[in-house]
Amino acid sequence: MKIHDFKSVIDKYKVIFFDAYGVLKNYNGLIPGVEKTFQYLKDTNKEFYILTNDASRKPQQLADSYHQLGIPDIVVTNIISSGMLAMDYLRQKVKKGKVVFLGTEDSAYYIETLGLEAVPISELDLGHLSDIQALAFLDDEGFDWKTDLNKTINLLRRKNIPVIVANTDATYPVSKKEIAIAMGGLSAMIESIVGKQFVGFGKPDSQMFIFAYDHIKNAAIEKKDILMVGDTLHTDILGGNKFGLDTVLVLSGNTQAEDAEVKIQSSGIIPTYICESATVE
Amino acid sequence: MKIHDFKSVIDKYKVIFFDAYGVLKNYNGLIPGVEKTFQYLKDTNKEFYILTNDASRKPQQLADSYHQLGIPDIVVTNIISSGMLAMDYLRQKVKKGKVVFLGTEDSAYYIETLGLEAVPISELDLGHLSDIQALAFLDDEGFDWKTDLNKTINLLRRKNIPVIVANTDATYPVSKKEIAIAMGGLSAMIESIVGKQFVGFGKPDSQMFIFAYDHIKNAAIEKKDILMVGDTLHTDILGGNKFGLDTVLVLSGNTQAEDAEVKIQSSGIIPTYICESATVE
Amino acid sequence: MKIHDFKSVIDKYKVIFFDAYGVLKNYNGLIPGVEKTFQYLKDTNKEFYILTNDASRKPQQLADSYHQLGIPDIVVTNIISSGMLAMDYLRQKVKKGKVVFLGTEDSAYYIETLGLEAVPISELDLGHLSDIQALAFLDDEGFDWKTDLNKTINLLRRKNIPVIVANTDATYPVSKKEIAIAMGGLSAMIESIVGKQFVGFGKPDSQMFIFAYDHIKNAAIEKKDILMVGDTLHTDILGGNKFGLDTVLVLSGNTQAEDAEVKIQSSGIIPTYICESATVE
Amino acid sequence: MKIHDFKSVIDKYKVIFFDAYGVLKNYNGLIPGVEKTFQYLKDTNKEFYILTNDASRKPQQLADSYHQLGIPDIVVTNIISSGMLAMDYLRQKVKKGKVVFLGTEDSAYYIETLGLEAVPISELDLGHLSDIQALAFLDDEGFDWKTDLNKTINLLRRKNIPVIVANTDATYPVSKKEIAIAMGGLSAMIESIVGKQFVGFGKPDSQMFIFAYDHIKNAAIEKKDILMVGDTLHTDILGGNKFGLDTVLVLSGNTQAEDAEVKIQSSGIIPTYICESATVE
């Protein structure tokens, strides 16, 4: 397994797409040295975007979290969250009325910004569904799992509405050794129980990459000029590969150096490069 | 679709296996007339067993519930619960130590009866797992879904122990129009997330039928003498068919008269007979 | 269920995306009246694209088939085939060497056009795999299923290469009543057996829609100006909805008038409009 | 990972269940030393059964194959094949008429023995289905995959009949390095395409173990007296564990010494013992 120097790799590309967790930050905060990467991107005038499966917070809050970690150069226009994709979908498909959601008050931003009324699942009256236009799974926090997941099932049995999953990840890390169930895990259970097809957003789906691609300011950029950097084979690398980008697997997160070769072999998902981390020295 | 007379059907068999919910009782209590069926079974000297996907209560409690509904002839020896199968498995595979469980105090009966120590998931210390021998999903009540399902995942990531699912049903009915997520639904989500294979118990698995078959007192009984009566194609009828029994689909529960033909056609699960209900007038 | 007039619907949009089979043609040839639709599109100066899950023939052959059916206005630049997406992927990810394929000689076009060497699976020597760079599932014709699917499995066990599925449909219609297994069906079996993740192309994946979107000549077009017309909920309508387009379900193919409401209800995939067919009288 | 001595292990049990391929024989013939195991079983008066996922040959042919390999003590009454289970199912559920099958002439034995008419799929006339009572997947040999699998799908779309899969294994080994797709693989593809539920037979299903258990001559035998010996975690060991038997994983077949610990860890299927092979020196 050949390990490449990250700086030499990014020198070949004009635009860099980064995954967030496991690449730029982890449970401890910033991955040491990553701040220099963003300085280098600025110095070399490369565009970058952060593609994150997240609908728990507004894009501005996501950007702010990098400022607090010491990277002022990541601003809201650099952020591509799966929540933004879900919002885009709602904008096209739901023109007015109420959207029921599972998630925190913060996550309701993705509905309210559109001028739609966001109804927390806990406040929904199953007897009055006439103006309910859609259901959105936004965040695993902000509701009672037992009461409200059962309520969700009965809502979907009574009314045929589109269901949006704003983050298809099954789990997320909460500490070095522990993970928690994310919206993608809960929504897959509900989808299987009600037997309907939900509309999910997040890597590895191409939708995420095209959304970022459409945001690139430099009109001359082609896919071969873009590099996707991620720590997870099944989301970042598969999605990048499928969209036709070159990809770097970094070993600072989900995929450890000792497992990388076996995981690549067994999954059949092959990154273009492997680097220790997304740091330039 | 030919509807058969239930009495004429059972007259051809010596032993009757019944599903419980949707066949003998529903959210309203006893299905009207079922008490006469049990009188008729007594008069005609037929053996019967109730095969129920349930690990929430002790077999004695399950039997008692029928007494309260007015059928004194259903006693504990007539009850075959999936919890009893799970208990049988634990008896063979776990000789001593602690078994962590998700469920109510009542459900812990299936562990404690064996002389094993039942540890509620909420009381488990993830830092001290050395004497934990197995994990059992018993009932959807009795724990906090968010906290304790996340804890369950982290337990299974840290320690490789057998996992028993004492009821593989994904949902259960709570009223005429509403259902709730059952242990089978929750455990399937966890199984998919941790990527391990759990050992599940309940119809349609053959294990349930062989357990009932082994309890039959009359040694001369063969499979052709036994009739399985159920309201659900995917559990009762599939399981009965596969075990080699003749089967009756009754229309008093999960499968309504107006959908029965379409459901049989689309699932490919074909009952031997269809009857309005398990009543003998 | 409200049935809309197709002409009134398309009048609201500037660009129309059509599915091919079940919308424009079927086992009998052209769906009667569809030729007038294309005359109307020409008269009203609307752009159109045909999005087809097909990698069995070159785009030019696909266009020619419409000429023979009497629609000269469909030319190669109107065709978006899943084979073209697969080719685009290979162009990005495989720069040189050999690509093994399952399919006809015609389907090998998608590999050879790139300057890569296309090796039919039947001619592959499992003992000499060093220059094999990828595997492509192109067409269900052109190879011996038993011999060559088994050979495919053993190739993938020996060498870790990217696998491309150039049409993810599980089946295709061959007559009014009969269907046949397509590449998506066969490749899903192989994927499950070898436990690797293949890269598939075709509706409902967003990739297909973005590829068409990128081809639109009129730079001022936004998603709200585009209508997707299809006969299949799980590919055409789900894909169009997810990409943020308005959608028409036509009842001339896979979804019959008598089942449409039940299928929409049970799948949860909701078209913007329902029309009898893609004809303008 | 502790390796146990096979002889010491079997000394604790009265009845031994063996898997065939990878335990008793492989692509080279008998696994060296296994003949002494059967001498030892005879000397110590232990009962044994061979539980094999196989419906390609009659039980007598399966027994004969061991005689040819030099173990005369394995006779037809020691053989429990998944084909026998499928036959038992057909006996209960199909009293007369025709059963269509995919497989060799040899495999048709499992239908013809019952006095039913076995119709090879290639000879079926899709226009005359009135006396077709069931479909059986018996063996991957004996039919043309492309023609006859497509015909199978169209049969199942036209007529709602029970479908029996007489061997649920997805693959089988053909040489040291190569495997081939088995009936379980093909039937799972068809099941997914037609959306119906087939009735499958074979380990790890309990049905296989209860069938063997019912054959034990010594009436005093309990589950704790029986040992299951296998080389595959997902069939032999999972099935044995679930039925409540103690299990031995041998390292002479599917599971190599170097992977055993990782496979046990990652699957969560835990054998009671691990032994090098099923040999007693």
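A, B, C and D label the chains in the order they appear, each numbered from 1.
The criterion applied here is as follows: a contact is a pair of C-beta atoms (placed from the backbone, for glycine too) under 8 Å apart; a residue touches a chain by one contact, two chains touch by 3 or more.
This is a predicted model, so every value here is computed, not measured.
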**Request:** Can you give the shortest number of steps from chain B to chain C, where adjacent chains in the path must touch?
**Result:** 2
**Request:** Check the residue numbers that chain A and chain C use where they touch, and answer same if over half are used by both copies, otherwise different.
**Result:** same
**Prompt:** Looking at C-D and B-D, which one has the bigger number of contacting C-beta pairs?
**Reply:** B-D
**Item:** Chain centre separation in whole Å, for chain D relative to chain A (CA means)
**Value:** 45
**Prompt:** In whole angstrom, what separates the CA-based centres of chain B and chain D?
**Reply:** 28
**Between chain C and chain D, centroid-to-centroid distance (C-alpha), Å** = 40
**Item:** Multi-partner residues of chain A (each touching 2 or more other chains)
**Value:** none
**Request:** Provide the full list of chain pairs in touch.
**Result:** A-B, A-C, B-D, C-D
**Request:** Mind listing the chain D positions that touch chain B in their complex?
**Result:** 88-89, 91-93, 156, 160-163, 194-199, 205-207, 210, 223-224, 234, 238, 241-246, 264-270
**Request:** Quick one: which bits of chain C touch chain D in the complex? Just the residue numbers, please.
**Result:** 140, 144-146, 149-150, 153-154, 157-158, 170-171, 177-181, 185-186, 188-189, 192-193
